Amino acid sequence: MSVTPRPGDPAITAELVEDHGLSTDEYQLILDLLGREPTYTELGVFSAMWSEHCGYKNSKPLLRTLPTKAPWVLQGPGENAGVIDVGEGLAVAFKIESHNHPSAVEPYQGAATGVGGILRDVFTMGARPIAVLNSLRFGELDGPSAGRVRYLLAGVVKGIGDYGNCVGIPTVGGEIYFDASYEGNPLVNAMAIGLMKREELITAVAEGVGNPIMAVGSKTGRDGIHGATFASAELTEESEAKRPMVQVGDPFTEKLLLEASLELIRSGHIVGIQDMGAAGLVSSSTEMAARGGTGVDIEISKVPVREPGMTPYEILLSETQERMLVVAKEGREEEVRAILGRWELDAETIGHVTDTGNYVIRENGAVVVEIPGEPLVDGCPTYTREGRENPRITELRSWNPSELRPREEEQDPAWALFTLLDDPTIASKRWIHEQYDSTVRTNTVVGPGSDAAVLRLRGTRRAIAATTDCNGRYVYLNPYRGGLIAVAEAARNLVCSGALPRAVTDNLNFGNPLKPEVYHQLSEAVRGIGEACTVLETPVTGGNVSLYNENPAGAIYPTPTIGMVGVIEDIDHVTTLAFGEEGDTVILLGRNTDELGGSEYLKAVHGMVAGDAPAIDLQEERKLQGALLEAIRSGLIRSAHDTAEGGFAVALAECAIARADSPVGVEVELEDDLPPAPLLYGEGQSRVIVSCSEADADRVLAHFAASGVEARRIGRVGEVKGRFRIVTREAVIDVPVEAIARTYYDAIPRRMDGRPIDVATALDSEVFVP
Amino acid sequence: MKIGVVTFPGSNCDYDCYKAAREVLEAETVYLWHGDHDLKGVDALFLPGGFSYGDYLRAGSIASLSPIMNEVRAFADAGGLVVGICNGFQILCEAGMLPGALIRNRSLKFSSKVVHLRVQQSVAPFTSAYEVGQVLRVPIAHGEGCYIAPDEELDLLEAEGGVIFRYCEADGRITEAANPNGSARNIAGIINSGRNVLGMMPHPERAVDELLGSVDGIGLFRSLAEHLVASPSSS
Amino acid sequence: MAYQVEIRVVPRQGILDPQGKAVEGALTNLGFAGVGEVHVGRLIRIDLDAASIEEAQERAHKMCRQLLANPVTEDYDVQVIEQAETAP
Amino acid sequence: MAYQVEIRVVPRQGILDPQGKAVEGALTNLGFAGVGEVHVGRLIRIDLDAASIEEAQERAHKMCRQLLANPVTEDYDVQVIEQAETAP
C-alpha cells in the first residue's frame, strides 16, 4: 500500500509539527518509524496519540511506581476503568477523569461532557453505573474575581447535575475547594462507579481478524478537534482563539447508549466496545487494536458525519460526544443493529480488524494513514524530567506558628469558628448537591453530606462506600506529605462510614511538568500516594493525568485527587457523622497537636498560606482505622467523623449540625496544654470524633486502649437546638447550635443565589457577568 | 394482580417503580415498551420518572405522543388505574389526561431533597391507607415541577377534591417556605375527575425502604392494591 | 419548495413565567435602566419542504398544536419564508 | 419612549443541538413530511424604555453580551419596535 497525501493538505513544516505539540526529536522518531514524511492526517494522528493526555509522556515513569495489585483487584490500570471484587460474585468498576480545560472555556458543557465520558468508561466495562462523584476546585467566591468564579461554579454544577440527572445516575458525593490558585484554571474531576456480576466483565479489545468495526451513537461533527492536545497545553489568550468547536453533551443519547451497550455486551454479539473519548476515533480504534495485538482497516467515508465536507483529519480527531466504537463478531452486524435500533440508535460498519498490526485509514479506498499500531500507542516517548523544589516553598514551609499573633477579633473565641464555618471551602455544600439527583435508582443509603457516600448492593447485605479527597494546599507546601494525606484521608473517610478501604483511582492535576518545580511536586506527590496506598492496602486501579493546569499567575496548587472505594460487609455497619441521641458520650480518637501549617484557619483568619503540611504516621493511621472499623462492626459506635479542614472545632460542629433541620447541642472539654488556635483549628492528622451510648462508653474506650489507639471521653451530646460548647484551658466557646448551623448552611447560598449569574445559568446562557 | 411500568426512551425511574411494586405489593410486575400497543393485561399502570426524550422540548411533551399512550388513554377511560410520578406526571399533563401543566421550578434550579407532603384526602384508590392530614416524608428530584393552571381550573380541581398532596412543613402547615418549586397552592399531586388517574412530582417509589430513610411511600402502593383486590379492574 | 419556518412560543399572558421574572430582576441588578416586563419563550426553526407556502403554514400550525406549544400555558405564532435555493 | 425588544438566541452553526435533534425526530415520528433540520433556541421579549431606538438597540445588545446569550455556543439577533402608546 502506498500512502497518498490528500489534495489540499497543508505541507508538513516545522511550524505545523510544533503546532501539533510534537518536539523535533519526536518528529524524527515518526520519520524513522514510517521511513517517510507523514501525511497531514498522520501528523494529526500522532499528535493526538503522543499528546500528554493519551501518551502520558511525562507521567508514565512515575505512574509505574504505584502499587496496582491485590487479590481483590480484577482489572488494574490500562483499561477504560479499574475493577475490584466486592464479594458475593459482584464486581465494581470505577474511574476518575478530568475535564478541566473544557470547563474553563465553557463550564456547563465542559462539566457535562466530563460526566458523560466517565460514565461511558464504566459501562463499556460491562458495569451499570450506579453513582457519580465530583471533585471541584475554583478561585475565591469573595473578592475581585468572585463574578467569574460564580459563573464557573454555577455552570459546572448545573452541567454535572443536568447530565447525571438526565441519564439517571445519582451524584452521591464529592468535594470542592475555593482558592485563588485555581483562578482561571478550575478543576473538574468526575468519578463514576459501576456494578456488575464478576463474569460480566468485558475489556475493550479488537480481536478476530475480519471482525467488523462499527461506529455507534451520535454523528461526528467538528466538536473539540484536538481536545486532547488542547488539554495538554497551558491556557493562554491564544488557546481561547485556537478553541475548537465546543463539545455539547447529549445526556438523552447517553442514556440510550448506556442501555444499548449493556444489552450488546450481554448479547454475546460483540467482542469489544469502547468510548470514542479524547482524540475520538483515533485513540479508541488504535487502543482497541493494540490491546488485541491486531490491526485495523477503516474506510473514513463510512463514518456518519453531522456536517458536509469533513476531512479524514477532522473525522479522526473529532471529539463529538456520545459515540462508541464496537467490534462485532463477524456476521452479527444485523443482530447488533437490531439491539441498537430498539434504542433508536444507528450503527455503521466502518472497517474491520486485520492481522497486519497496522493502523490503516482509507478515504474512498485511497490510503491516507498507514502507521504501525504498536508504536503509535505505546511508542510515545516518555520523559523523566528533572525536579527541583521552588526555594520560595522551602522557605514557606519553615515558617513557625509561634510567630503568629492572634487577631483583635479573636478576643471572642467563637469568632474564628464562625469565620471558618462561613468559609465556602468548609461550609455546607448543600447548594451544590441539592442540584444533583442523589437518590435515583434507590440504592443511596448515605448521600452527600457525610464523610463518604454509601450505596447498598441489592440482593446482599453488603454496600460500597466512596469518597474523593485531596487538600492541594498540603501538597503545595509539602508534595510528599500531601500525597500521603490525600490517600490517608480518603481511607479514613471510608472507615468512618463503616467501610474497609479497597482501591484507588487517582486524578493527577498539576501544572506544566517542564518546569522543574512542578515536576518535583508531581514526582514527590506520586511517591507519597504510592507509599500510602501500599501501607493502607488500597492499590491504584486506574486514573487520569491532567497537566499544564496553569494561569497567568502560575501553576495551580498540585492537586492529586484520590477517589477511593471501600466495601461494607453488613449494611448494619453503615455509620455517619451525625450525633445520635442526647446524652451520648463523645470520644476523641488520636492526638491533638501544635500544628497550624497549611490550615484553613491560617488562610481564612490570617490570610496566610504557610508552614508545613501536618505530619502523618501511616502506621498510626493504619492502627486507628483498623481499630475504628472493628468498633463500628461490633456495633458500639453511633457516629464517626474525622477532623479535616478547620480542625477539631469545625469537625465537632459538623457532627452537631449534620441534620440541618434539627441540630443537636454538644458540650466537650479539652484539657490539652496547647494554645487555642492549633488545639481548636489545627489540622493534625489521624483524629476522629466518635459518639456512643453512655452505657457503651467504657467498652469503647477499653477497645481502643487495647488496640493501642489514643482515645478519651471529651463530653456528651446535648439536646436538639441546644448549646454548642467547647471548653479549653484558655478559652470557652458557648453559642446556640442553631447559630452555627445557620452560618454553615447559608455561606454558599448567600454568595450565589438571586444573582444575575444564577439567571444566566438557568437560561443555559452561561455568560460571564463581570 | 398485575402491575405495568412503562419505559419511555429516557425513563430512569422505571426500575425503581418496578422494584417498589414488586417488593411492596409482591405483585407480578412487567415493563411496557413505549413503542408497543400492548398493555399485557395489567390491572394498574405506572408512568415512571426520568427525562423522556431528554425533556428537550417541554418535560414529557414528546413522550406524551408515544404509540403506547393511546392504549394508556383507553385504559384510563375504561377506569384503569394510572399513576404518573415526576416525569410521568408531566407526561399525563402533556397528554391532557390531567389538568394544568408543570413548568420550570420558581428557583430555576433542579431540586433534589426530601420534602414533607400533607395528605389532603384518604380515599380509594390511591390514598386510602393514609390519614387525612398525615404528613409524609418523600424525596423530590426535578427541575420542572412547578404546577400551574388557570385559577378557575384550580378552583374546580379543589372543589372536585382533586388535590391529593400538598407540600407542607414537618408539622403539616402549608407555607410558602415549604413549597420547593413554586407550585400553585402548594400542589404536589392531583387526580382526575374520574379519580383513577394520579399525578405527583414527589417519588413515593423512593420511600419504601427504612434503609433509604423513609417508608412513607408504601401507603400509596398499599392503597392501590387494596382497591384492586376489592374491585378487580375491568380491563 | 424549501421553506424556512420560524415558530415563536411564549408563555400565555398572565401565566407564571419564572424565567422572565428572573431575567427582569437580573437585568435590573446589572444596572440596565428602563427594563419593564420580560418574557422568555422558545424559538423553533424548521427547514420544511412543502408544495406551497400555504401548505407549509398549515403544516407548521399543526406541529404547534400537536407538539411544539402547550395549549394550557403557551401562545405561539408561525412565520414561513421561502428559502433561497442556494446550496448550503 | 417605550420599545418592545425581541431577542432571538439560537445555537451557533455547526454546534450539536440535541433539542433540535429531538424535535426533528419527534416531528418525523408524528408523520410530518418534508421536515429537514430543526433548531431550538430562546426568544426573549423585553419592554424597554429608552430615549431613542438606537439607544434601545445598543442596550439590548449589551444585555445579550452580558446575560442573555452565550458567545461560545450561541448566536443572537435583536429586533426593536416602537410600542403603540396604548396602556397595557
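Note that the chains take the letters A, B, C and D in the order they are written out, and that residue 1 is the start of every chain.
Operating definition for what follows: contacts are C-beta pairs under 8 Å (C-beta built on N, C-alpha and C of every residue); 3 or more make two chains touch, one makes a residue touch a chain.
This is a predicted model, so every value here is computed, not measured.
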Does A-C or A-B have more contacting C-beta pairs? A-B
Express in whole angstrom the distance between the two chain centres, defined as the mean CA positions of chain A and chain C. 41
Between chain D and chain B, distance of the C-alpha-averaged centres to the nearest whole Å: 35
Hey, what residues on chain B touch two or more of the other chains? 53-54, 56-57, 62, 65, 104, 108
Each of the following residues of chain C touches two or more other chains, namely 19, 22-23, 26-27, 30, 40, 42, 66-68
Chain A: positions in contact with at least two other chains: 250, 252, 344, 756, 758-760, 762-763, 769
Quick one: do these chains touch in a line, a ring, a star, all-to-all (complete), or other? complete
In the complex with chain C, residue positions of chain D that touch it: 2, 8-10, 23, 26-27, 30, 32-50, 59, 62-63, 66-68
Report the residues of chain A in contact with chain D in the complex, numbered from low to high. 105-106, 109, 218, 221-223, 243, 245-250, 252-253, 306-307, 320-321, 344, 756, 759-760, 763-767, 769-770
Using the touch definition up top, name the residues of chain D that touch chain B in the complex. 18-19, 21-23, 26, 29-30, 40
Contacting residues of chain B [partner chain D, same complex]: 53-54, 56-57, 62, 65
For the complex, give me every residue of chain B touching chain A. 9-10, 12-13, 15-16, 19-20, 49-51, 53-56, 104, 108-113, 139, 141, 143, 170, 203, 205-206, 209, 211-212
